[in-house]
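Common to both upcoming complexes is chain A, partnered first by chain B, then by chain C.
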Partner chain A sequence: MLAKLEHVTKRYVKNEGLRDLTLDFPSGEVVGMLGLNGSGKSTLLKLMAGLLTPTDGHITVFGGKPRTNRAQIVFLGETDVLWPWMTPADAERFMRNLYADFDAKRFTELLDALEVPRRKTKTMSKGERGRLRLAMALARNAKLYLLDEPLAGIDLISREKILSSIVQEWHTDETIVLSTHEVAEAEGLFERAIYLREGRLALDVSAESLREGGKSVVDTFREVLA
Partner chain B sequence: MKKFSTLVWLEHRRNWLWSLPLMGSLLFWAWGIKQVLIMSVEERLGIRAGLLMGAITIGTVLLVMMIGRIRSETRNGQYQVLLMSPPSGYTHILARFTYAAGVGFAYFIAIGFLFWWILELAGINFDTRSLFELILAMPFYGMSVVVLPILAYTLLLMVFVSAYRISGKGWIPGVAMLLGTPIAMQWLSEWIARITWTLPGWQVFANAPTALAERFGEFDPELSVEIGEVLHSGLPVEPMLVMLAVTAALLAIAGRIWQEVEA
Partner chain C sequence: MINDTSNWSIDMSAGPIFEQIAKNVHQMLARGALKPGDKLPSARDLASKLRVNANTIVHAYNELEAHGVIEKRRGLGTFIREDAPVDGMKHEMLQQAANAYADEGLQLDASIQEAITALKEVWDVG
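Presenting the complex of A and B:
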């Protein structure tokens, strides 16, 4: 098992992010993490990345604490986190020297495929910055990718490029956990859909079984979370 | 080593807008020194030395502000990128500290040169050894006793507050640390005072009395107790050793807490 959550609860100062969540993530899955705003998707991904510590319960990723094994995890947060002075060349230097699994050749190919301009991020559009961040993330040869809203606030063309890159770069031994509001656009990617509602697990189902029942991930989203 | 140098490079890219004006401010202090034109040589020297003490204080404050810029990264999310990167917390902390300390050393060495210049303007000609002591030994001593511990403390405070920001009441540990600091400082300074001079002093400016006597006639150590003490006994090494150890301890704690920070 790549990652395991056992009765995980995360409380913040004023509210509760997640409550008593138990989930398994085997290797080789593309998982859709779905829910409305405030349902706990980002909290869950941050807990799996080791950026948050559970208030109760246990999380193991690659058999240990997430923070300890962070070198094997790719986390793409929802906030626009690049330094404004950073160019794609700076990003490559940063990634190449800090991450042993970073593939510089693949990064260049991704920059070209995603049409990322070679200039400072402060002069890029939000979509361009999002594509650069995705290129940085997908150029690593990791086994677990946690992508938190990589499509949020990004134009349609960029969203299509991002989704097609995720599809092309995915290898069968890698697990991708993707949280998104663009459920309809990303539906084709998902093998499994986890629906969260107010910090609790509402439904954990394989996309295949939904389709066999004549439903789509989007239909179920409306049904479970509306 | 590549990870460390990359993080130092990152520090430089993040902070050059602070470090460059800091170094540039030296031109302002040099200009200020030239503006002091009163008649008495001693008064001129005193005022110019005072200006440079102001430069030291302001430089230290700017270095503290530079190294403490963690909160803006926390707000903007860049902290996430750093926390997720493979280098250990110790490496991250050391890289931040090394950059700030490096800029600090460059700045205080330049201040040492300005001190040498105001002495020259006052007609006091230091020999080569005294010059090196002024531009290297004194900045190293001053940095070790005062500036480096302050930088390490700031770093620890910022990491400490960040660690409890999200799922705890972030201001409580910060306030607790700030309230506890004067007590710890009092205890530390009393202990340092007790052990000072158990080791031989660090002899500096051995040739300075000659230079002062050449300029002002026979140098009377009674004129300035502090200067006379330094020339006679040297600089006490215990405060330097203790504060270097305190700096290392603060950095080690900050590096450990880094592993617990939430973002």
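Presenting the complex of A and C:
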């Protein structure tokens, strides 16, 4: 098992982030992490990335604590960390210094595929910045990619490019966990859909088996979370 | 032709995606958009184009291979077999669609003449 959560609870000061969550992530799976705002999707991804620690329960990634294995985990968060003066070339230097697994050749290929303009990020649209951030994340050679809302707040064409690149770059031994509100656009990528409701597991199901029963991942979203 | 995304139609609520991919290939063969000997895109490229999981395309290709429609040639890619059962394919797919229509007609206790008349009316409008 690539990652494992056992009875994980995360309490924030006021509300509960996650409640008693037990999940397994085998290697080589593309997983959709779905739920309404505040359902705990981001909290879960941050816990798996070692950016938060659970209040209760255990998380193991690659057999150890996420924090100690952070070098092997790619996390793409919702916060845009790009400096306004940065160009894609600056981003490449930044990533190369930070991560041993960063593949500069792959990064260039991704910039081309995603049609990222070679200029400062302050002159880029939100969609272009989103594409640049995805290229930075996918250019790392890791086995676990945690992509938190990579499609949020950006234009349709950028969203389609991002999804196509994720499919193109995915290797069968890599696990991708992708949270999104754009369920209809992204659902073709998912082999498995995990639905969270108010910090608890609502449903964990194979996407093709849902469709076998004539229901899409979106249809099921409405049923389970409405 | 096969790389043109408008040739593919996938409905997430209409059953497993791998079945729909396989059906799309059958349809393209039946109407001549694909011919024996044609090369299919790699699973990864087609998956990326359609924005579906690459394993789903592999699954569809395996299914098509098992039914004698396509073959993998080592180091070259995936091709429509020269002996793919193209001739009967259009007829077979029409029969499949007609099955559902016939069932509906029988439930209405319609005669074949009534069914054909209704089909013609709809056909001419389309």
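Methods note: the second predicted complex is superposed on the first by the 226 of 226 C-alpha atoms of A that agree within 3 Å, B and C clash if a C-alpha of one lies under 4 Å from a C-alpha of the other, contacts with A are read in each partner's own complex, and residues count from 1 in each chain.
Following the convention adopted for this analysis, a contact is a pair of C-beta atoms (placed from the backbone, for glycine too) under 8 Å apart; a residue touches a chain by one contact, two chains touch by 3 or more.
Quantities reported herein were computed from a predicted structural model and do not represent experimental measurements.
When both complexes are superposed on chain A, chain B and chain C end up sitting side by side without clashing. Put simply, the three-chain overlay gives an angle of 160° at chain A, taking C-alpha centres for chain B and chain C and rounding to the nearest 10. Once the two complexes are laid over each other on the shared chain, residue contacts for A:L82 go to chain B alone; chain C is not touched. By the touch criterion defined above, A:H7 lies against neither chain B nor chain C after alignment on the C-alpha atoms of chain A.
By the document's definition of touching, of the two partners only chain C reaches A:E187; chain B does not.
When the two complexes are overlaid on their common chain A, residue A:R222 makes contact with neither chain B nor chain C.
Applying the stated contact rule after C-alpha superposition, one finds that A:E208 touches chain C and leaves chain B untouched.
Of the two partner chains placed by superposition, A:H58 touches none, neither chain B nor chain C. Contacts of A:Q168 after superposition on the shared chain: chain C is touched, whereas chain B is not.
Of the two partner chains, chain C is the only one touched by A:E160; chain B is not.
Here chain B and chain C sit at a least CA-CA distance of 27 Å once the structures share a frame through chain A. Overlap of the chain B and chain C interfaces on chain A comprises no residues. Listing the residues of chain B that touch chain A in their complex gives 2-3, 5-7, 9-10, 13-14, 76-78, 80-81, 83-87, 166-169, 259-260, 262-263.
Taken in their complex, chain A has these residues touching chain C: 30, 160, 163-165, 167-168, 170, 172, 184-191, 208, 211-212, 214-219. By the touch rule above, chain A contacts chain B in their complex via residues 10-13, 46, 49-53, 55, 67, 70-71, 73, 75, 77, 79-83, 85-86, 90, 93-94, 97-100.
Every residue of chain C that touches chain A in the complex is listed here, in rising order: 10, 12-18, 44-45, 47-56.
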